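For clarity, chains are labelled A, B, C, D and E in written order, and residue numbers in each chain start from 1.
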């Protein structure tokens, strides 16, 4: 009988947490069910590999798929090296003084800056000042900029978690600072870094606001993949199909199909990264 | 900079679907043809021309004085093409007991002076206005034509289609869209009702889907659809414009619910 | 006996708290010096200042002259890795890399351009008397080892590199007497080639292996000298009390 | 003497590696039992299984009966916190919370609804002979203390709660002889009220304070009995060798 | 590798890291400068006070009105609604996953949450149009479900994964030794969670909430698609609202450069920027207060 109170209390405590988890899962299931059940009928290789036709009321989503893939590649190529280096600089090199703290605070703050503001900045910097025009390159770099603070913050969080004694261990055997970082600190922090990068990139791939003014087009008739041309992207395509297209009702199945493809593309990216992370962890053990 | 054979077309949401279809058909004839088309509203198209981000702007309104000046200041020469005639349709829910409306009353509704359908009909519902965003040529066209300011309660939908969606579901909604968006509504099972417009209480109400009225320029909200082309890009755009004017192009335009007036 | 490592009027403070007070000390080549003193007196801090581990803390202020032979350890033109390569360290709390047992040894060898084959790793683990226990689990994360095993791993890692000086901060604290004796044997063996400084709380250990003993108290060096002298004829009263405390 | 804590045919493995093999052992009330044995033999693992610290590792498989008086420690209906409240623990590697020194002590008191004023904290720190060294830095993060200071802090934290059983995993490994003696005094003093199990590598320490000694080897208990008997008349050859300091 | 090479590599990378670090900082700093420069131009035309406290937003009217109070209010309404839902759910779920879930369940839940995070905002907005808003309209007997509530629920769903993942990572990263120490003094799991684990993971949790709020405030597509976009003064969760982000998205494309309206949109962006700044600075404050104990 001594344990009665704690037990009931702990059941209540436990179920509060369980309930919130269930609710979150419910949200996910609703979203997935809606998209899969309504989009599945459209989904086929043909849908993915054919271009939109008949004023986008028929055909598939090949053009936007290509656009999104290329766009994400530009984003990754820009943001990962710069983001990770910047985090390493801040955490391993910069002295922990007020300046660094201010910079860190600013970067944290920048990860809360609305993505549309990055769109404005991309417009001003890449489209206008650097004369890239509304183009794949401008949009990709804009998304890259948007991703930077996230990558920096998550990378830094992962780095901070490595205890100093681990760094000391490497330094004490004569490793240079760079070697310590490359061989000990970064590998130990890798799962955290990877998680951050993955989440950031999949987010970037699904972003619409920053590419609104920097290069996304309602329609292009051929996907040439040139960096200086406008492009179609899956998220923008879905936005257009669900709000702008002439016959929203008629293209709704295509919209669902597009949503499903977009979700699949993003999930595939995540799975690839999960795989890397899993492999990494296995190696570590 | 753009590659030589690649065209950027931006602007009117009213025209964008038509433009896509035209481009698609033309691309079948000329495989080297390469175009990117975006909507966003006439204002967006014109601004993009100014900013060097487009070769053609589709516009459902003429250039404003201010814009003409801006082009002059920047030293950008334009060609103006009128390629079709549009009739802006006002739509309400199909259950609303209202068939026609005069311009003055319509203005009051859009201004927010008349706030309840009970003032016009037997329905007791507050009026919901489904409008367009300010970059819309249609938006400024209606505003100018009625000489009003829109009520701030008006929802700003980002495209014609969203307005239709809204009105379809909303028993108390009213909205406006280009003719192309209701072309099929006239005969199909009518998910929205197209209001007939009369210029004053006494005149005949006319429908935007009635070619007769349009051809005689009798519908109150009728207007030309423009394309502005940057002179410098004219050489690459010309084949497309020629295609629009070909019989096949004209046929497409009409099939989309717009009109050709010679 | 040549002086290998020395500190001259070394003062060190963390923020406003002074932890080392005008330390003058030198450690001879081919000798083992024991550093003893009550907990918190600054032994680890002194040891760490020789291979510049305090560089990691911006709030640590250090002044004085520290030298490895004629080399000024805090000279800006001397690469710190060079120093750390020549001065190895075993930390008070075992800090294996979060990598496999094998990698823990191989890594240091590899970056220092030393042979790093399986045989070398095995030899190092054997020297620290760890081989038998781990030979089947070389791929296991080192963090899963028992406390004493981790400590021996860290000793193996440091010794494998054959630095000129080895600083050991209580290397046997988590070890049973048998392993301790074996490690002591290793240390004694190593002294023929290297300079060794060892922090220990174990007075018998100090007497067994140290040639010289340094007694620290509240951030100062109270007494130093040949081990036998310190333990049998302490000059300073504090030293005497401390040493008696342990026999008493 | 009543049996307070006991294990009956306890087997424990990490993955496929068996670390404890059919352990049968009991610890008496008001007695100090020393647990000795070479590094890696399973002492920490045994200790940790009494307050269910292996629950944290999914790859640990445990079976057998562990009891606190008549209470089955692995009974699903018994809240594990209840067990841990009654069985205190001092870990082998000092693990202060990343909080201030003061909070390190006050925290445990607070969540157990014990008085947790400044005076209680002071008393606990005094008992572990840490007060004088930290009284001006109570707000400093405990992670900045020296190794031995951290260890004493952890002892203070555990002892402050006055659990029925105190498990200590090498509580004095990082301590100098003087502090060690004082901690031993504290432990001897505590045994009047509590049951104490202590892992130690220090044979003198075991002889000084333990009533009973248990010798472990390769995951098994080789011998147990009154401390004097074990050290003077070991029955088992392995035990004898270990105590004599010759092995392998 | 030869010793010289190693040292020069070390030096090289020191410079590389520093240079990239500074470049990134310069780029990100550029955002700030751009905002300030353009807003400054705006305030040459319009009084700041009129801008902040003006009750009407109508830049294209005959007499343009640049009052952004209704926009601020709309954004606040939607974000607050979203956070009321997302913060407790998020932290609860994070704690559940980190502390209670069996390894097997965890292996299902974590990827599930990451999946939810991966779902693009435009998809959520789309579902807001086709699934949620009709339900809301039905239940509340409205003609149209495109309103603040619709937006808030959608934003909550979108902020949740961010909050959960980051908070869970933080909770999980709390070293076992702290938990052992707490269990060692007899704390219950719940007590340990609340008094040791959550405080130890506090910076991460604050970061989680911050990222969540940031995502909600900054989200453009969902609100653009799902909240109705009426620039009138919002009076409740059932009103159609036009948030600051949606205003920028709708109006940016059309405005000619270097006009008052153009600057006005940058001014909105600046206000948005400062809203997030305030939230984040509060977060920073707590983080620093706590980080002290994580040193060494």
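In this section, a contact is a pair of C-beta atoms (placed from the backbone, for glycine too) under 8 Å apart; a residue touches a chain by one contact, two chains touch by 3 or more.
None of the values given here were measured: they were computed from a predicted structure.
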item	value
Any chain that touches chain B and chain A	E
Chain-chain pair with the highest tally of contacting C-beta pairs	A-E
Distance between the centres, which are taken as Cα means, of chain E and chain A, whole angstrom	14
Centroid spacing, where centroids are CA-atom means, of chain B and chain D in whole angstrom	82
Computed distance of Cα centres, chain D from chain C, in Å	27
Chain C and chain E: spacing of chain centres that average the CA atoms, whole Å	50
Residues of chain E touching at least two other chains	6-7, 10, 129, 188-189, 253, 294, 296
Of all residues in chain B, the ones touching two or more other chains	48, 51, 157-158, 165
Multi-partner residues of chain C (each touching 2 or more other chains)	79, 81, 93, 111
Chain B - residues contacting chain E, complex	40-41, 43-44, 47-48, 50-51, 67, 70, 125, 128, 133-135, 140, 149, 151-158, 165-166, 169-173
Of chain D, residues touching chain C in the complex	14, 17, 36-40, 44-45, 92-94, 133, 137, 144-149, 151-152, 169-170, 173-181, 201, 203, 242, 245-248
Residues on chain E engaged by chain A in the complex (per definition of touch)	6-7, 9-10, 13-14, 16-18, 20-25, 27-31, 34-35, 88-90, 92-93, 95-97, 100-101, 109, 111-127, 129-131, 157, 160, 162, 164-165, 169-170, 173, 188-190, 204, 207, 210-211, 213-214, 217-221, 225, 244-245, 248-249, 252-253, 265-266, 269, 272-273, 276-277, 279-281, 283-284, 288, 294, 296
In the complex, chain E residues that touch chain B	56-62, 70, 129, 134, 137, 143-144, 146, 224, 228-233, 240, 242, 250-251, 253-257
Of all residues in chain A, those that touch chain C in their complex	95-97, 163-177, 179, 183-184, 187-188, 284-285
